[in-house]
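Pasting the structures here.
Presented sequentially are two complexes of chain A, the first with chain B as partner and the second with chain C.
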Partner chain A sequence: MTGRMTRPVLAACLTVLVLLALVPLLESNYLIDLFNEIMIYALFALSLNVIIGYSGNVSFGHAAYFAIGGYTMAILLTTYEWPLLPAFAAAVAFSFACSAVVAYFCTRLTDIYFAMLTLAFSMLVWGVAFKWRLMTGGDDGFVGVDVPAFIAERVPFYYFSLVVIATAVAVLWVICHSAFGRALLAVRENPVRAGFVGINTRLMRWWAFVVAGTFAGIAGALFAMVHRGMYTESAFWPESATVLIMTLLGGMYSFFGPAIGAASLFLLERLTNEYTEYWPLVLGTILLAILMFLPEGLAGLAQAVRRQILRGR
Partner chain B sequence: MRRSLLAATAAAAVLAAGAAQADEIRIGVLYPIAGTGAVYGEPAMHGHNMAVDELNAAGGILGKKIVSFARDTKLKPAAASAAAKELITKDGVNVLVGGLSSAVGLAISEVARQEGVVYVATIPKTIKLTTEKRHDHVFRTASHTDFEGDAMGQIVAKLGLKKICDIQLDYAYGHDLAAGIEKGLKRHAPDAEKVLDLRVKLGATDYNAFISQIMGAGCDGVTSGLWGSHFVNFAQQGSPFGLFNQIKYISGGEIASHEIAGKMKGDYPDNVWSNTYELWYHHHDPSHVAFQEALAERSGTKETAMWPVLAYIGVKFIAAAAEKAGSMDADALAGALKGMSISTPVGPRTIDPETHQADTGQFWGPMVKKEGVDYRVMDPVTFIPAVIEE
Partner chain C sequence: MLKIEGLFKQFGGFVAIDDVSFELLEGEKHAIIGPNGAGKTTFFNLVTGHLLPDRGSVAFQGEDITGRPPHRIVKLGLARSFQRINIYPRMSVFENVQVALIARERQELRFFRLAAGLCGPETNELLELVGLDEEADELAGELAYGKQKQLELAIALAENPRVLLLDEPTAGMSPSETEEAIRLIREIADARGLTLLFTEHDMTVVFGIADRITVLHHGEIIASGAPEAVRSDPVVRQVYLGEEEAANGAA
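Entry: the complex of A and B
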């Protein structure tokens, strides 16, 4: 989890990046949209893991920052006709600011109280999105986001999205593997001891929350553009639960685990929806299986399998 | 991530298998098929399938067989938007039809605009769909909130009501209907005064707080667009308080349809005036008799629902436009739909070439008890055409 990127990991990352860059060559609009969304959810789940996997707190309201980024982007691009870069910067800055304020209150608490407070704040955000019809479109959603002409087509937008997400993931990786990331792990493992060593544990947890919120905002801003709309569901608690399950499924003790979880869960939902409307039943079963048999998620499973094979040799 | 690549390969294989076949016409159908919305989506699918079967029996569209791809909208705009996009990019549909709830309609319309595919809105009534959110490829065969509000204004005038309470659902349809009613009142009942504005969340089940507010406001008329189960819950909770003895309840949202009357039976309150697109027991157009018989056979009940006719008309418009255009190309189809007239089981319909809106009138009247049956019926039935006289 710490240290420099090992060679196989780097190679795997580059391979995935190249393969993702080749997706538009398949000339399928469906696959382009599908991968775009998977990438967005992967970033969303990775951002949540800064709180869960690194600082050791469970957030039940992470969708709020995704929605804040998304609505800000949608409103600035469409209602106020801002150009792309200022709008994007503002969406990220606003997600940063909102999570900074919420983090101030939430990091005063730990455990279940922390989780409940994150949920409470996310419901507030949902309430604003639902009631402020004039700005957000309320229950109808913010429909029809104006995406700048040069990325309005599917393929250019896909590459734009890929560049933004790849950069964001790289930055997240650096943050998580810096001294800050290690200090966070110390806080997670033993907050009392970390405090005695001289780490300001509350500040560390505050930063983890803010980093997570900001990157969720980036994911949300891209989501608003790929869907050309933003809906209150994105701020509602089931969305927070979904990204939490993605993170758990992938494995919270691994940096890339949540991305794998996001991709798996997203594809599974799409495939399930073709055969049955009982997706929540499938989701519940998955959650049960993770909690009972895969506490470290798919990434943990992969490692265990590898260890077995090595031992078998 | 290797896992995701594997799944992607699988997805690609699925895609290749489902590649569009040139010898069929693909219609993407968007109704709520599961969950709470299924009560409306299921009958709508009956009407849709009936139209498709009739057309296929007569040789399809442009000599090609029609194949429907139905997706669940879950009554949610986000889900509808994703479903509409998938129908176009994955299933390769030529045209989209359906939509239940105004918010869903607006979301589907936006996808149709982006992807350049024709969307025929059969149920959503928000006026915005054919005004500020109108684009080249969206057409509506349902009524809209201005027609509905105008008719309600006429009824308020006819009943001589003076103090009006308005209770609406807190989403596009409710807001636009409230605006439509206000315009209707100004035209037909200028001395009626609105004393209370209430907004209820879509899907709400508890109306007690609203009922006491209405009863305390001293209005003699309530205008509303609470549809389906919203009205059922509202009425069941309001009746014990004597709400419906105190006021006249004038409602859009088709609560005069037989699915509501037949479901509520004895619980259906007094003093309700409402609308419906179709009544199984009322033959406004001679062709309705045969339509209703066929529908009764398909749905397995003599007392058929109202939603099927809307879905049925949507498909018939698409077929007529495709035959006229000679192709399923979106622009050609849109061109043909402008000014298109067809005859339907509820009378002739024409789509306005400017607004893309069909002249869909509705049946309005009081819901009364009838000897020999345990449900209420509309009597007298008045057809209010889709005309707004300034």
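Entry: the complex of A and C
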């Protein structure tokens, strides 16, 4: 999370990108869908980490902005028959606007009060999705999203998704490593001191929230398209918890940690389901293990191992 | 430079600062001393915007700054360091200072300007000034105590202040570290033409740096003037130095 993108990190990113681009060559619909889902959740978790890892606040309601992006996309594409680009832009803009308003209230508070308020707002969003049947389909979900023909097939959509997500992650990386990102870290580390060097800490936390909400909206919009639908579950609090677990599992003190967490959690879930139906039990154990033994997640573990090796030389 | 009038602050029923009026002149090195609990830190917190006074006003270079938040006061050129270590522990030493420069240059909302190398030369200059250039890449939280105090000073200096408030700059330091710190502070203040206001416990530090001393006792100013005058002031001797001697005697 310090400094510039080092050569090994850049190399690793390019390798992952190439490998992801090669996935459709395996000609497995199962794998294409799985990796598309992983990419979407990786972006979702990375966006959440702007609030958690970079600004030092825990959000229990990040699913709200994912759902707002998703429902907006679904409704504009299908009900109002908007073309792809304007619909996408509007979905992102609406996520931006909603998180801007919510952030105004949430950033007045810190710690548990902040977390609870994010949860409350997300339940509000869920309530709207659940009750506004005419627009959102209510608890039946919004079924049958019209995806433009040129990306309607599985493989073209996968590449569309890959390009959008890779771009979004790159932009997010720059934001997190910018002057803004550096100042945000100072706010996380020591808000009092940050104030005394001239940083408006509340404004910084507001921006962190808005950046996070906007990128979650992008992930949500893609989710609505890949599933050809949007469901109230995506706005419900367990969804916020899932993405929070991904972030913690991967490691909140590393930029790419949450993406690693998203991939690990998905693969682990699929793998576990091959052998047993007790996934929640496994999930609980994993969560316990992270909190007790790996407070910095998998990325933190990797860094510790690397330091050990370097020290041993 | 800094003009404080009728400052008053109480916590619950406890009066921490009782109607204090005070003026800091340009270029002076002014110490505020007083026994534990005299209100020194509270006084600093009121001046720098960390706490709101119940009554009274604070003016900086003729501008009323009472009740303004710290991040706005600091931009006017009034910086401070803290008695207890107040740094960014999980960031590198370099980044600790760099962030202050980013804030000073109002770059903190530049989303697409990479931070790596930003304000690099000046950051390194400041680190060199306080003798931390070799520790630039270490995590600030892993530094030795004395070095963290130096880092604290570098952060405050990065704001390029005209007035620097130091809250017990040598608290917790060993005698040799203290000596080094005094030398450094005096040097920097002279080189940069800083106006200095500091609280201190250690009388060698006070008489080593200050050219004016104000004594605070139970939230009130009981004496103010040149070091020699304050040292020989009977009320001060009784209230402050007397307590010190008594404490030394007991120890």
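The rule is short, and it goes like this: the second predicted complex is superposed on the first by the 313 of 313 C-alpha atoms of A that agree within 3 Å, B and C clash if a C-alpha of one lies under 4 Å from a C-alpha of the other, contacts with A are read in each partner's own complex, and residues count from 1 in each chain.
Convention: a contact is a pair of C-beta atoms (placed from the backbone, for glycine too) under 8 Å apart; a residue touches a chain by one contact, two chains touch by 3 or more.
Since this is a predicted model, take the numbers as computed values, not measurements.
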So in the superposed three-chain picture, is A:Met292 touching just chain B, just chain C, both, or none of them (first/second/both/neither)?
neither
Which of chain B and chain C A:Ile38 touches, first, second, both or neither:
first
Once the structures are superposed on A, label A:Ile309 by its partner contacts, choosing first (chain B), second (chain C), both or neither.
neither
Could you say whether A:Ser264 touches chain B, chain C, both of them, or neither, answering first, second, both or neither?
first
Looking at A:Thr201, would you say it contacts chain B, chain C, both, or neither? Reply first, second, both or neither.
second
Check whether A:Ser178 is in contact with chain B, with chain C, with both or with neither, and answer first, second, both or neither.
second
In the superposed arrangement, which partner chain does A:Tyr231 touch: chain B (first), chain C (second), both, or neither?
first
Which of the two partners, first being chain B and second being chain C, lies in contact with A:Arg193: first, second, both, or neither?
second
Just checking: does A:Leu22 make contact with chain B only, chain C only, both, or neither of them? Give me first, second, both or neither.
neither
Residues on chain A lying within both footprints (that of chain B and that of chain C)
none
Partner chain B, residues of chain A touching it in the complex
12, 16, 19, 23, 26, 28-31, 33-35, 38, 133, 138-141, 143-144, 227-229, 231, 233-234, 256, 259-260, 263-264, 267, 270-271, 273, 277, 298
Which of the residues in chain A come into contact with chain C in the complex?
2-4, 174-175, 177-183, 185-186, 189-190, 192-201, 203-204, 207, 211, 253
Across the complex, what residues on chain C touch chain A?
48, 50, 69-72, 74-75, 79-80, 82, 86-92, 95, 98-100, 102-104, 107-118, 155, 158-159
Contact residues on chain B for chain A in the complex?
1, 3-5, 7-8, 11-12, 15, 33-35, 72, 76-78, 81-82, 85-86, 88-90, 102-103, 106-107, 110, 113-114, 133, 170-172, 175, 201-202
